[in-house]
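Two complexes are shown next, each including chain A; its partner changes from chain B in the first to chain C in the second.
Up next is the complex of A and B:
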């Protein structure tokens, strides 16, 4: 709690905070490792920890089902949780900085709803055999079909947002436009749902609950590459983000082309949020809650520190939520979105209550 | 035998006596001088004029006739043996149908009076809906209703359907092509105006009696009775198929249903008895996980019963419950890895499609052995699967398919009807 005495954005004291911050960083890293191991070790089927370790180390096990469960089910899911935790948190942080709004998140630009629209088009039109047939001709079936549709939807909205952002100078207007585009896509989905059969709506609804379990092998490589690309853009834009935090006018006076900075940040967030939604469905709250959590843990607004911190905090929270969603000992799984909202909302409340100086950082 | 004859002779004589009495009274033109017993009898009957003639002549249904429990208009009756969701009572010249929902120890009931044209419904059932029988024009909201009409050789009774896309019956599709069947929508977009214009004798909806019935109030207010079918809640294949008897009761086709359902029932029991000799009970899994959750049928469910009768080993056979279990993928994976057969895989048509859903399925033994069978052999050109339509009223065919798949030696000559092997 001693950390509390260091005010935000005061350089000398931030320097003296380094050892504490390193400690927190180290602790967080350890926590992530422990949570990752727990996520792999725990599940509805009880597997002895010794066996889990043997399987992970590649020594195999006498029980073929256990090997399958660890290698094919739990490990991909835990790795997905790490990727999603990083991507959504960093996406959220970028949006909060760009719009200087504590309630912004990666879904604020309407990219997530764009992805949902793409999925809705495929899932809800699947009843009409012609459309499904056309899609089959393209050689797309099953999981990849959903992913491609979702990516296209997200990309479409992203292009729209970028085109509009090139014309707009004010970020607040940009934020409103983003929210409105989100609303338009959601109402399009609603119309589609209204005319769909109950079974199709149920499938779509299941998708909106989000899931880390459907990402396997080749999916994982694609998702990981998209995350790397998005995060690389983010890391390269840390200076721009820092400058934006001081206000657009100030940023401009520092010689920063605000337009280009905005484009870079929007592109990175779109890639992160779009690809995660494509593979896992819309996962809420991580993107809003984690940046606040990271800021309050590390007492900094410096993005070079904040981005890795967000990755770690987001990963830890995502792994924790995944462990909860499996409810060890129970036979069922809860949808991940339910858990993130359940865990995420109190976090947001707690942070807003405990940090009176929240406004100072925006 | 002798006593029976004398009994009927006695009854005959009593009848003659009675009719002589009536004839006498009629000739006199007055009722008052008649015996007090006779007056009491008339009062008991609740009506004066029609009954005088009704006693010596077969009943004629004029507009003023009322219900009478002692008349038997329906000599051919049907009895419900397996279905738990409805009951039929014969009350002389009308029938009472109860749609039941068993919930723990409570039973919710929706009551319907099936009254022939021209007979005034009995007053004691104020809350019951009245259906005029035989039903000549009805609207069915689910594909099960198509199957029921088709089974009863009465596809012509359907004048409207919830969705014209989900029909397999050739006879009904011909009627649709000829424009004799209207699409009335379902659920939220039920086209009430069209329904009221159609003025069918009956709308058959799906649901259970505890569900919100109020959404059909407009229709009922417009004088169109709505019958809730809850056959999907039945937990045995024969129970579900027995809902054909409800259709028969509505159409006054009890004789036909007794014969057709009787044959079906006999065949089902014969097949189920065949498998009792089976030494090896192959293990099976059903369905496919979606987003990490794998739904498998409960131990007391419709599907589990099929599997039991087909002598399969089902891992969740002892789980109590009538619906399905929503399990974690890793709960089912150990069973799937070891299973002998994989059934009812869902919306896939080949092994390649299965891999498209999730590459992890290639490690399952049924995948390696090519012992995956899907119930989609009879999917037609418009994408409707007859398994859910005629399959529901032909459980003996589904059972035969399952036995052919799991124990081919028991039914060497059977050709799969609803199932096909995925390659």
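Up next is the complex of A and C:
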């Protein structure tokens, strides 16, 4: 073979993009910290910011009620918001890459409905013995049970969608199929509800509104470890995700074992979306909106950068939604699902408007 | 070249589909093929003959029905996906839908089979990426996003990615499909040069008969019935293989020009004397008009093309008289009028 010579080209000046990216990153980090503080500080009971800061920093306060509210209610809720923001965003990013579809996301393709089905099976099938309340009271074993059921439900729907997507090339048709599968799961749940006791249905309906507040301290450990597992799998799959950006045929020609990569991504997404849905209810729009926000903020499609960026952007958005849902200054709390839909839907519309050819871009 | 070891060798290869476990649908085969280093091979054939199926099978993206495919003396069945990816890279017809991906990142994805689990690029990787970018002349838009590229640019970027994969064999499925003529020519010239300079073998399928005849070191002609004729393009022209493969009513392959005539010359025989571009284009125009070009001076009509004071003059001789024309348009109008008179 002839000797190949590789003329040295100057390193492309991608470097110039870095300072901007670092600036955005710094700004976003600061925003997350501020939003976190605000989320803890604001609520139906007014606590002076100074006291809030003292309690968070572990210096205690003279008012025992304030300490309780912050440590047992607001901090777990804010941490849940962070976990949910990370998990749903990364789950959404992975789905958008896997399906090569800019409108894919846990809530769109029926993944959360699958998780709901899993939850419904646990909550409604156990007869009068279990209700959401008792499941939550069951503590660790109960919460693992509901997580496993919900993850399995999510994985089931995802496998189904992957099987169908192998036959369908068109993104828009894929989306319609996803919505239909979501509808099927929802009707299954409705049938189940029809034969259930009223208290159980009420519990289930409350759960579908979504809530970050239902996660107590002990559940938080369960949720956090599930998130950690899901994110770890996701981060270990960054190279696979990058290769999948070119489509499965190219990925295969570069030496990727597509089946294994798919399973890994499905497992990670199901764990992330499933466990969040189990505890907080089906939360929509975060998973689809955040990956696009992160991409337009950081101008990259490299997953090694995008995954952490999605975590940060998702956290910021989720904290923001949570602050809104408490309606600062009032006594009532809106369901989180309503707020994420209000904030997320315009983003989705913006995605469609700003890209005139949806099929050819994400 | 025949002394060298082939990069790719197939033996009794049959390609096709298995709709279910009992049925087999053979598209092409049995084929015995060889690809040697430094060769540019053009795979031609009518639509539906199975060009893509053959390429996909050679690349291991689709299972073969029977036979053997060896790459550098190893059966592709025995190669792990990453090993295979170090021997063979591809440029597919699939469009890259990731608009946010910049050119440099896309080309560096070519290093996939060589990097670790996190995909970190070493200095050697970067060197090869830079070489691939230089070799394909894509430096100018290395920072652009994929959705900001024209079809021609994006095809060169996909080639750069395949080069970065640094394989002895590159397989391209219809790389010229969406390109305009200058871009098609540029790409084929680039491929020809690359094959010569790097000693890589390039196998591509195309419908560009003309370019394939000019640039291909070898041509594989896939017949509708699944047979394949191979050889140096000029040999295939002379032995009539092209006529056989593209045999359809309504047009015929012209051996002397290497092009297809869409007009069947059944009309009045006409003899054209003169040479150069003017004669060539006159013949084309006359064929379109329905004349059949004759090689004998005893034809019914004779047209003499002469140069006169830097201008071209067409002289039509008919029954001892002659008429001069200054453009092909005038010539055609004149001929039509003559015909009318004769009919009367």
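Keep this in mind: the second predicted complex is superposed on the first by the 260 of 362 C-alpha atoms of A that agree within 3 Å, B and C clash if a C-alpha of one lies under 4 Å from a C-alpha of the other, contacts with A are read in each partner's own complex, and residues count from 1 in each chain.
Here, a residue touches a chain if its C-beta (ideal position, glycine included) is under 8 Å from a C-beta of that chain, and two chains touch if they have at least 3 such contacts.
These figures come from a predicted structure and were not determined experimentally.
J.: Tell me the contact category for A:259 with respect to chain B and chain C: first, second, both or neither.
T.: neither
J.: Just to be sure I read the superposition right, which of the two partners does A:331 touch: chain B = first, chain C = second, or both, or neither?
T.: first
J.: Does the superposition put A:242 against chain B (first), chain C (second), both, or neither?
T.: second
J.: So, A:45: does it touch chain B (first), chain C (second), both, or neither?
T.: A:45: touches chain B, not chain C.
J.: Of the partners chain B and chain C, which touch A:74 in the superposed model: first, second, both, neither?
T.: First partner only.
J.: Identify the overlap between the chain B-contacting and the chain C-contacting residues of chain A.
T.: Correct list for chain A: none, the interfaces share no residue.
J.: In the complex of these two chains, what residues of chain A are touching chain C?
T.: 1-2, 4, 6-9, 11-14, 100, 236, 238-239, 242-243, 245-247, 249-250, 252-257, 295, 299-302, 304, 355, 359-362
J.: Quick one: in the complex, what on chain A touches chain B?
T.: On the chain A side, the touching residues are 43-45, 64-65, 68-69, 72-74, 77, 126-127, 129, 141-145, 194-195, 197-198, 203, 206-207, 209, 211-214, 216-218, 281, 326, 331-333, 335.
J.: Give the list of chain C residues in touch with chain A in this complex.
T.: By the definition above, chain C touches chain A via 37-38, 59, 61, 80-86, 88-90, 92, 94-102, 104-106, 109-110, 112-113, 115, 117-119, 126-128, 130-131, 133-134, 139, 142-143, 147, 165, 168, 197-199.
J.: Under the stated contact criterion, what part of chain B meets chain A in this complex?
T.: For this pair, the touching residues of chain B are 163, 165, 187-189, 289-293, 325-331, 333-334, 337-338, 347-348, 352-353, 355-360, 363, 381-383.
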